[in-house]
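The letters A, B, C, D, E and F name the chains in turn, as written, and every chain counts its residues from 1.
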Amino acid sequence: PRSGGIATMFRLPYQKTAEGLDACFVGIPLDIGTSNRSGTRLGPRQIRTESCLIRSCNSLGAAPYESLQVADIGDVSINLYDLKKAVCMIKEAYSKILLTGCKPLTLGGDHTLSYPVLQAIKGKHGRVGLVHVDAHGDTSDEMLGEKIAHGTPFRRAIEEDLVDPKKMIQIGLRGPQYTPDDHEWQKNQGVRTVRVEECHHKSLNPLMSEVRQMMGDIPVYISFDIDGIDPGFAPGTGTPEVGGLTPIQGMEIIRGCRGLNVIGGDLVEVSPPYDPFGTTALLGANLLFEMLCVLPGVKYPTK
Amino acid sequence: PRSGGIATMFRLPYQKTAEGLDACFVGIPLDIGTSNRSGTRLGPRQIRTESCLIRSCNSLGAAPYESLQVADIGDVSINLYDLKKAVCMIKEAYSKILLTGCKPLTLGGDHTLSYPVLQAIKGKHGRVGLVHVDAHGDTSDEMLGEKIAHGTPFRRAIEEDLVDPKKMIQIGLRGPQYTPDDHEWQKNQGVRTVRVEECHHKSLNPLMSEVRQMMGDIPVYISFDIDGIDPGFAPGTGTPEVGGLTPIQGMEIIRGCRGLNVIGGDLVEVSPPYDPFGTTALLGANLLFEMLCVLPGVKYPTK
Amino acid sequence: PRSGGIATMFRLPYQKTAEGLDACFVGIPLDIGTSNRSGTRLGPRQIRTESCLIRSCNSLGAAPYESLQVADIGDVSINLYDLKKAVCMIKEAYSKILLTGCKPLTLGGDHTLSYPVLQAIKGKHGRVGLVHVDAHGDTSDEMLGEKIAHGTPFRRAIEEDLVDPKKMIQIGLRGPQYTPDDHEWQKNQGVRTVRVEECHHKSLNPLMSEVRQMMGDIPVYISFDIDGIDPGFAPGTGTPEVGGLTPIQGMEIIRGCRGLNVIGGDLVEVSPPYDPFGTTALLGANLLFEMLCVLPGVKYPTK
Amino acid sequence: PRSGGIATMFRLPYQKTAEGLDACFVGIPLDIGTSNRSGTRLGPRQIRTESCLIRSCNSLGAAPYESLQVADIGDVSINLYDLKKAVCMIKEAYSKILLTGCKPLTLGGDHTLSYPVLQAIKGKHGRVGLVHVDAHGDTSDEMLGEKIAHGTPFRRAIEEDLVDPKKMIQIGLRGPQYTPDDHEWQKNQGVRTVRVEECHHKSLNPLMSEVRQMMGDIPVYISFDIDGIDPGFAPGTGTPEVGGLTPIQGMEIIRGCRGLNVIGGDLVEVSPPYDPFGTTALLGANLLFEMLCVLPGVKYPTK
Amino acid sequence: PRSGGIATMFRLPYQKTAEGLDACFVGIPLDIGTSNRSGTRLGPRQIRTESCLIRSCNSLGAAPYESLQVADIGDVSINLYDLKKAVCMIKEAYSKILLTGCKPLTLGGDHTLSYPVLQAIKGKHGRVGLVHVDAHGDTSDEMLGEKIAHGTPFRRAIEEDLVDPKKMIQIGLRGPQYTPDDHEWQKNQGVRTVRVEECHHKSLNPLMSEVRQMMGDIPVYISFDIDGIDPGFAPGTGTPEVGGLTPIQGMEIIRGCRGLNVIGGDLVEVSPPYDPFGTTALLGANLLFEMLCVLPGVKYPTK
Amino acid sequence: PRSGGIATMFRLPYQKTAEGLDACFVGIPLDIGTSNRSGTRLGPRQIRTESCLIRSCNSLGAAPYESLQVADIGDVSINLYDLKKAVCMIKEAYSKILLTGCKPLTLGGDHTLSYPVLQAIKGKHGRVGLVHVDAHGDTSDEMLGEKIAHGTPFRRAIEEDLVDPKKMIQIGLRGPQYTPDDHEWQKNQGVRTVRVEECHHKSLNPLMSEVRQMMGDIPVYISFDIDGIDPGFAPGTGTPEVGGLTPIQGMEIIRGCRGLNVIGGDLVEVSPPYDPFGTTALLGANLLFEMLCVLPGVKYPTK
């Protein structure tokens, strides 16, 4: 029964490396890049636990395990007391994963991790397009004087040319800010920013058509901060902002990436202590399953 | 005050049998038909507790206690260690209730219970139409090799001709599935299935017009699995599926049954341990109150 | 960091009186006017705690601290064992605050408090217009035989001519009621009542245009009962009613008051024990921040 | 099964009055006498809910239902908005109960209630002895200037000669205080005060021998404030004090009253919102069951 | 770090069978034998999660992994909808485990499971001695008319001669009962019953000396129902009884089995939904680790 | 009322510096030195919140505010993304506090903080004696390869001669360990280690007599890790170990320091997300109040 058994991601087999896989789930138990409430270090474990409910096909009929070789490869070993070292360790671990040709889908962990993951991805795929769902832009130059933290990964990524800002979209931005416009810098780089007010009361399918247009053939990475979703649905996160996306809109965004050249993705900022019954983690697990279903090569029923 | 007094359903009088009543509330403390998380055995108790907040008229002006004789008749006595025997006990208990001419509104308990309730209802009313709200179709042939469980009641009901599949609608279906289309069987029987994607971002009033068309004069049973609603609003359930209906849509479905020949209903799958402050149970109590308000004979203000 | 420091409202300076301020935050730790679940006496403390996350500009670019002098002036000292005395103490305390010319934004506390606050406001501003968000009309004549309680403040306010009923709107009304229409009395006084069914599935911006029309230049008070919002988003309250407004709609209402002559506001009925991780209080803190941002004199970016 | 059925106290029959009973359970949903955290108005309901687990004999072999006629008579109807009136209503309701000769065992509710209960008891039994378990002495002269509140009942009771201070013992006193000795007044009246430091690391059976000596034949009332027990075991209360009695010691105190002329008792200050899974209420229900078992006339096995 | 990695028991390697092991951890996700609150089906998963904190030596210096080959072999596959079939499946699975010569330490699951486990053990080791910690005797003849449930395993075990009643001790018995002495039957069989009142306020080391005397060389099984411990320390269980053993006493009991011929053990009745932060499961994991440390062959430091 | 007002420590006045104070409360919102579960960065805030319940005298009659000038000086500003820098910032901040002659009582924060605090204290007082309550020795040489983390502060402190190991005692040590004896190093330095097994079932007053002997006149620092207390009483911590001290024993330890030359203390490792109703923080606040009461100069009643 689903209540039994070792809690690997989606109850997939566990293997130590990515060797032989088309896609893998990998966790990063990181929370020392967090600015407000911590706890995301336990995100991977809780996402795995809740993922045990999830079955083998998505509700559009995609059966990813029939098209792709997928496994859980466990967690990256990180230094919990030195964020800069942790970031290096993540980059190295992902470089190894990518070398096998496997596409990583990451269970976070705080959003700092997207920076070293994108560094590794650049080594494999070059500069990528980015679909970024978040309440926050995460393009601060510094936090408390530090260049590396969960509010800076995409500033670093753009500066280091890991991401093409013209092929980057941020969806769900909102919340009280530090300045009248916290998103000015990335807009100046050419990033498309979609504030949550543009999303309310409607489907995001039309927006995603535009995104598919924008992306074309470029390798695309999906970075989904669970705080993009409203805290009513996703309370288990460290920097909740009211008035967010609905889970349905979150699904629409990921499903809307179908057809793109998706080369990886992450689901970050799930903080289990703030959601002890796992509603947020369950949502995270579902979003990761949908990411798996939009990887190139997954077959859908022809109707 | 509302915080005081014995917690019967809506603080109605308690009586041992359905004798003399037009409608009754009855609980079934069942959870051994559950596949994922358990706990619904305590659903009836928590729904009663939260129901104490609810007043005597609904917000459309219906005053059911002025039109109907209603009471709480307590819980069905069931065998907690043998599901097959429990199912028999439920069928017998409901046959007795129905004999009095009273319409039962059931506080669940897991969804297995709809099967014996519908068996009893057939004895009284013959084959019925069914409005079924759920994230899941509940038409599996077997679960872990068993014919009786909370994922099979409507397979059994259709097989035993308790429900007319042409007068049956399922609303809110979603979630990762076991096969590319878990709802194929019932669609082949003629059941109308409405996936949640068809419901998002809009009112279900138009859908319910169609339902009233479809049903005509046939006796109609309402089976409402609280997991049809999104876990953001109804976390207290055992098989939560992200991206569900809103409470408003749930209300629209039940209110849309007004005018039909409703002969009973159930509200199932409330699992209190996963919602210790009772938000889910309160929603369940409200949905049951709305079911009471659409029973034939309840008067509304003429405006 | 945001996790550090004494938890004043928005981490503003604390001062003992309102002297020299344009606007102040003030708490009223009251819950003895509550009819169902209590706990709102701890609302001010939890709202302050969660408010520490909130930054200095709203997402429309308003920078209130650059336009206005604002501080936290702590809580009103009340009698916890005698509601009638507590009400007098609140009136007196607010009269002193208003004498300084400062606009009070109140952290509740149960809704009883709006009555003495409006009494004090009348002394300063005369009769006011009222934007009232709530699941309940709060215009009962009595509760359990008492004239003062959290279900009666606006009956008293209209009777005592504190509010102009022709310039009063109630948004979000719903819930099972005591009579077929619990809002008849205020409708007869000329109050505009907007039931939640009129709000579902859409933006409230058009409604707020009408409100701005209706109000004209009259001094306007905003009274926001957090139970106006759906319990899925705001479980931490004492009289939750299913099927409420979304947080987004709540924001639209307050932002829609921009341009009016807002002279004060309150956010009431946050009950911390029913939301231990503070999601409801965080929403309350955001709504109070938005109230601050619509006070006359707050500058917005001209674009 | 125990998870089913209407939640009356110990699943006893409910009856409207005390007529014909030897003992009754009665609830008082009061919390407006509370000084710190509220919530005890829901104590009676949660104690009833948790009491459903309790069986018919205690573990010493007492079978109270075979010796006594016992029922649940529901809750006293109180004014929730005026503590002084509520106190009068309680006194009247208990006077009626006592007139029937029935012994009341009360489910609180805040400790204010002991004052009117003892007033009513004086009318029936005259001055009584008192076994009072509490972290606090509850003999303040005033709280925030008021004579009636949950910190004053035993000051009033001694002043009005409801209790013989020479036959009164307080067990479990502790906690930071307002003065170097908050218990001076009652010590001067002759009350025996037992600070918790005298209780640690040992059985209270010897102490209870002394209590039985002290009491002799006088009618004895037991007032048990759940905050006498350590918050590790009983977190669900409004004024928790660290370093309290163990549940075992609480049991020893009540069991030690066997043989006394016990004429009633109460279990107060259970605040459900602070213990959503009901551990505290379950302890309260057990303590009330033990009180029932020490009522005169309950037979024990002779061994 | 400990917050990372797949949550196997104590982060041991996972293997599919017991082949080659001296001892194994195995889970049984069972809760359909439960009489009061359910949820133990998730016990194995939560115990594994919390076990990740536990290091490799116990605090007496035992280093079990240096003496024994140990692994996690996952969960027994059971029928969730038919308790009688589940019991058969458990017996078969354990028979296979025992065939390898491996000693099973079981993560429960409700206490019903001890019955089929002991059946399997009899096949391997013959009749065993039993150290049984529990608030309840679990020797009912029937529950709701059924022979198999979590209150009957030791009745069945004695009847079927799986356990030698003269080499059986039950520690921690308490709680309201169904009859003046619920433990009469087993006392008549020769079982030693130790009520919790005999344990309070002192060390159980002397008792365990007697137990070692009593047992001699017979193979001994340890069955530890977490409800033996007080609910203040172990709230996460389905049938909590106040006034229980302390965790320290629980440790003393298991450590006191050192030197006996322990051939297996179980830790049952951990119900995660009632303890969302895992305190109970962590205690369970520690008790299982101590069981591992008293298996014959584990070396201790010689001092 | 206690439920009102800004939550400073014990509702003391807040001031920016320690100037003019005999003792101060100061918070350190640190959790990036944590090895298992995080969350202690919010410890200071929750301890302040719960401290509002605490009155002005302890239960032995000490009235610290009459003898000493005390205030809350807020939190140390730390770098949340670089532990090594944070440690430097703490040392500097405490050096300034100590310069004023004020004695700091610290609200933690993870245990890493004791290292820089002791560094600063050495500058003022020279080498100190140490009363250290903890489940863990915290004398690891490294954690994950790092010298600074919450498991190493006392290794560093002894190495840097901040503490005299001959005047150091560790009480409450327990828990599964990494080696057969994790405390060997400090025992070799001359530290007295008291394992929890030596503490069970009895008062620690005799032990504290020995401690007072041992310390003599040396300046003494008290470092109290809340995980020294059993998780049944103090669940809100990151590395809970079963079988700990009772709160009473914790009180006995601190009260037993009366008469020593106490020059400061800390209460660390309170992790609010794991104890949302604040029982652990309330215990922490009480322990800090008792530390205040044993500072030299606090007068006690002479009896």
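The rule is simple: contacts are C-beta pairs under 8 Å (C-beta built on N, C-alpha and C of every residue); 3 or more make two chains touch, one makes a residue touch a chain.
Note that the structure is a prediction, hence the values are computed from the model and not measured.
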Mind listing the chains that sit against chain B and also against chain D?
-> C, E
Which chains, if any, touch chain A and chain D both?
-> B, C, E, F
Using mean Cα positions as chain centres, tell me which chain lies farthest from chain E.
-> C
Chain pair among D-E, B-D or C-F whose interface repeats that of A-B, sharing over half of the contact pairs by residue number | D-E
Give, as an integer number of Å, the spacing between the C-alpha centres of chain F and chain D.
-> 37
Taking each chain's mean CA coordinate, chain C and chain D are separated, in whole Å, by 39
Of all residues in chain D, the ones touching two or more other chains | 1, 3, 35, 37, 41-42, 80, 144, 201, 230, 232-233, 273-274, 277
What graph shape do the protein chains here make by touch: line, ring, star, complete or other?
-> other
Which chains touch? The pairs are A-B, A-C, A-E, A-F, B-C, B-D, B-E, C-D, C-F, D-E, D-F, E-F
Contacts from chain A onto chain E in the complex sit at residues 1, 3-8, 14, 27, 29, 41-42, 44-45, 48-49, 52, 72, 74-78, 80, 273, 276-277
Please give the residue numbers of chain D that touch chain C in the complex, ascending.
-> 31-35, 37-39, 41-42, 79-84, 143-146, 148-149, 273-274
Residues of chain C that touch chain B when the two form their complex = 35-37, 144, 173-181, 195-197, 200-201, 230-233, 235, 239-240, 242-243, 274-275
For chain A, which residues are in contact with chain B within the complex?
-> 1-3, 53-59, 61-63, 201-203, 230, 232-234, 247-248, 251, 277, 279, 282-283, 286, 289, 301
